[in-house]
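Given below, in the form of structure tokens, are the structures.
In what follows, chain A forms one complex with chain B and a second complex with chain C.
After this line comes the complex of A and B, so read on.
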């Protein structure tokens, strides 16, 4: 009796894996494989072109990060970017969602208008913004018209990263706004009614009912924002034509990884080590965020 | 019942596996089919390059058509890699899917030669090909450390001074002959923030010859040495023109993307650009009256840059004989004459240059005159790292964030530590 049962179990798991095998094969080949290979690369000095060579160097690639001035600049830029963009886009998304949920006229129309930026591909968006950021472009003309100082958005190291921040906040906030909107519709009206009976005004209702209720969603939005902003690449790549300039001001960690992987020869291993370090950094940031928000995971 | 299920499952799985594997292997199989060049069968050679303007493309197509007519057994498949050319080429080479013949900029050549991804061409060369006809500096740019030639330069371009004739007339200035004259002229030509006397590209590719004009060296023994006081002295005037005289600006300060555009829009009275700017200006700004002159002398010495590109062969190519036929035609006297006949690029063969007579063309004569004394834009395998660091820090000095000497010192340190840890 017992034996037949195990036999049956074996057969069942066997056929399950057989049916799973195409998916497993694809997963192994295109997802697990590259990750393992990247970790392997991180511990080697690699020359992929011509005479291919892999030389085991242990932790040298990681030690090198510590002396790399450009890696430090890239890290600083990325952290600055994350620290400013994540809170801004989260708050903006929440405020936009709250106003759109307040039952104003033309709500649907504004939902569409606000959501539009998200639909544009980031590469196209960057190119359009580069036009507007041009010295003789739209943004400077508007600033001039209102009597504000104009900037060399693309060429001045002090403002180039800020220009990318503005662009990114503007384009990702609507995406998170939609998530907030969905969550807002979920809040039971009875809570607001109870608050009203207690004499709460609009602001108190927002602060004491809406915000706490949205905490799990906020947690999700912040984590996704963290991951997205740590991986900033395409905007700064297009902005600086791949160089991270002017004066390293738009150099991000992923852009640096790209430069080491493809621009200079024989530094693929170092690039993999940087990528590995970035992955750990994102992991730590995410764990920290979860710890701070003290929220049971809902996602 | 159980058995049939098993068989069905097995069947589906093998089918899926099969299709996945076929999808992966397909490219290679067809490649091999083309590779086996049997007698009488057509051989297809792939040629990769970056695209030029439409007229340039037409010229290249004509050259390729001529080649195919003369070699009926070879078919050329021309691929344009429009963006990030070197990244694409390197990735394709590493993946074993590189083109048989491709363009290679002299700047990238030493590093790529060092990896062993290129086929040395010496053994293919015949007397008829006439190697000595090439301008020597251009040819040497593609010589490996082993002395072998890895590519033949298809054309080159030097830098010259472009000046706006109308603005010069209005300001009553002569075309400057020395760098000091240029600085004075720029003062007279500048009109506040609307027109700058001189448009500068603050990058090493354009400033290399100026940096070395006082005897300093930008690169020594494959390492950065541009913090040398001689180099700093040589570059200081450029920074001073921007910060003190306020007579020079970089293109993005006036909303242009490069010097040619800045010049064409009338925001700079003078720029130093290459051959490529001539057709651009004529097409985009047909009403602009401009002239060219040799670059003003620095310390009484003539200097300019030369940029050159070669055709090179992939070491892993399966069709090397056919690939060489293509290279030898494109860089041979006949092919080069067709390719350079309209003057978009200058011929690297002396005989072709003499035949086409670009030295008598009023706009191109100064560019041709620069060839013998030009510095070829190339220096060892580490130049890409050196340039990246130089450009980044030079901009900060150019914008007045800190003194030039400090900026270059830091850039040199960063560049060399990057080189050492390679």
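After this line comes the complex of A and C, so read on.
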């Protein structure tokens, strides 16, 4: 009896690792191995010419971040971008979801339409918006038609990052809208009925029933938003043809990491150190958000 | 009272329609520009209907720009391979973690959860060096192998298989099927909804990915569409008619897939997100 049991156990272990082998292979070679390798790189100067060579430099790469003006600019741009885009896209997503959930006709149609930007690749969206942001382009024409000032969206350092912000709020909000929509279906009708008995109007119901009920989902949406916005790259890269211009106004942390790793020689180790700094920033922002939203829910 | 509700509803409709217009305009503008002549593009007229409707832009990108069809093919090959491998390997891993008892099961699961939280930028540079060492830069396998599993979907498949009725497997076992047989002939076919959601996300992720090909591929012959499109922009910097036509070709396959699998999409998002 005991023998068959162990035999069965062995067989089960064998098939488990057989099933897991492709995942383990990729995990070790392309995820966990690289994480360890990244720690190593962050403490070394890497030379890629000919055979790759590594020179131990201790904490130099990290110390260098403090002296790097472009790193400061990239960090400032990224923080500004996160601070504006995350709240805007979250609120827009919530409002769209609530409107779509109001029981109107044609909801399905609107939902499909709204979701289009989320499906489309960042490369295509960025090109379409660059075309519209053209100095003589659609957006300036519309602004002019309604009497608003026009901008040199692509070339003016004061507005280039805003141009990317607008585009990304527009393209990411629908994704979070769908998450909100799923959560809205779960709110029990009885809550609204009770609020109605208390004489609440539509706005009060939204503010006092819907919003508090969705708090855990909002927390999730904000965390995902933080992670996504901190990693802004494609749009800045395509927008500025890889430079982060005009005048470093669209330079983000990830774009800077890319430049140091693959465009300038001898700075790959420094880029790895920057990547760690970014990962830690994302972690702190996420934890901070968690903490804040927990305190909120005490009320 | 009744009139008040009417106004409220009307207001909601206005919001919905206005936002639908805001969403659609960039696409319609790009579509219309892709059928315009360069002359009209340069003249800066703001009409959504091309004055002189032309297919030349599409002809140009497919005939004159020999590399464009190649980029399309590269994208299809890579996205298709990544999708098939992900479906298979993520499900196998998820199944093992959900159903099989073996030493190392718990730590492995925790590792997969931890991996979910590491931003891609940390592994990007070492990944490049590893691929360089393997001689896999500028190759299909360099694009496919590192992305042929995905921790998010291993996790999702595990959740799916945990709730999967055990009786079916037990019946199959009595009929003499082994683990592999049970998995491929009973479990996998019944996991179709979860697989469909996963397929769409993995395909789109690969199809739209910009950063990975940018780092791994430097030979224009091997470019995927996002990368090709970007180099295209550099080459035809003021030919927005060509650029828009190329963008439309790029977007079409995703739209087709979305129309067919729309309901799995929504399900997939609430699967990976929501709760």
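Everything that follows uses one rule, which is that the second predicted complex is superposed on the first by the 271 of 299 C-alpha atoms of A that agree within 3 Å, B and C clash if a C-alpha of one lies under 4 Å from a C-alpha of the other, contacts with A are read in each partner's own complex, and residues count from 1 in each chain.
Basically, a contact is a pair of C-beta atoms (placed from the backbone, for glycine too) under 8 Å apart; a residue touches a chain by one contact, two chains touch by 3 or more.
Quick caveat, the model's predicted, so the values are computed rather than measured.
In the superposed model, A:101 makes contact with neither chain B nor chain C.
When both complexes are overlaid on chain A, the residue A:233 reaches chain C alone and has no touch with chain B.
After overlaying the two complexes on the shared chain, residue contacts for A:31 are found with chain C alone; chain B is out of touch.
After overlaying the two complexes on the shared chain, residue contacts for A:262 are found with chain B and with chain C alike.
Applying the stated contact rule after C-alpha superposition, one finds that A:49 touches chain B and leaves chain C untouched.
By the touch criterion defined above, A:13 lies against chain C but remains apart from chain B after alignment on the C-alpha atoms of chain A. In the superposition on chain A, A:68 contacts chain B only, with no contact to chain C. Which of chain B and chain C touches more residues of chain A is settled by the count: it is C. Once the two complexes are laid over each other on the shared chain, residue contacts for A:276 go to chain C alone; chain B is not touched. In the superposition on chain A, contact of A:248 is made with chain B only, not with chain C. Across the two superposed structures, the residue set of chain A contacted by chain B and also by chain C is 11, 15, 19, 22, 26, 52, 134, 136, 262. By the touch criterion stated above, chain A contacts chain B in their complex at residues 11, 15, 18-19, 21-22, 25-26, 47-52, 64, 67-70, 134-137, 152, 154-157, 242-248, 259, 262-267. Every residue of chain B that touches chain A in the complex is listed here, in rising order: 2, 5-6, 9-10, 12-13, 16-17, 20, 84, 86-87, 90-91, 93-94, 111-112, 114-118, 250, 252-255, 315, 384-385, 388, 391-393, 395-396, 399, 401, 413-414, 417-418, 421-422. Note for the complex: chain A touches chain C at residues 9, 11-13, 15-17, 19-20, 22-23, 26-27, 29-35, 37-38, 41, 46, 52, 95-96, 99-100, 102, 104, 106, 110, 112-117, 119-125, 127-129, 131-132, 134, 136, 138, 141, 170, 174-175, 178-179, 181-183, 202, 217, 220, 224, 227, 230-231, 233-234, 237-238, 241, 254, 257-258, 261-262, 268, 271-272, 275-276, 278-279, 282-283.
Those residues of chain C whose C-beta lies close enough to touch chain A in the complex are 8-9, 12-13, 15-16, 19-20, 22-27, 29-30, 33, 44, 46, 85, 88-90, 92-93, 95-97, 100-103, 105, 108, 111-112, 115, 117-130, 132-133, 145-146, 148-149, 151, 154, 179-180, 183, 204, 207-208, 210-211, 214-215, 225-226, 229-230, 233-234, 240, 243-244, 247, 250-251, 254-255, 258, 262, 265-266, 269-270, 273-274.
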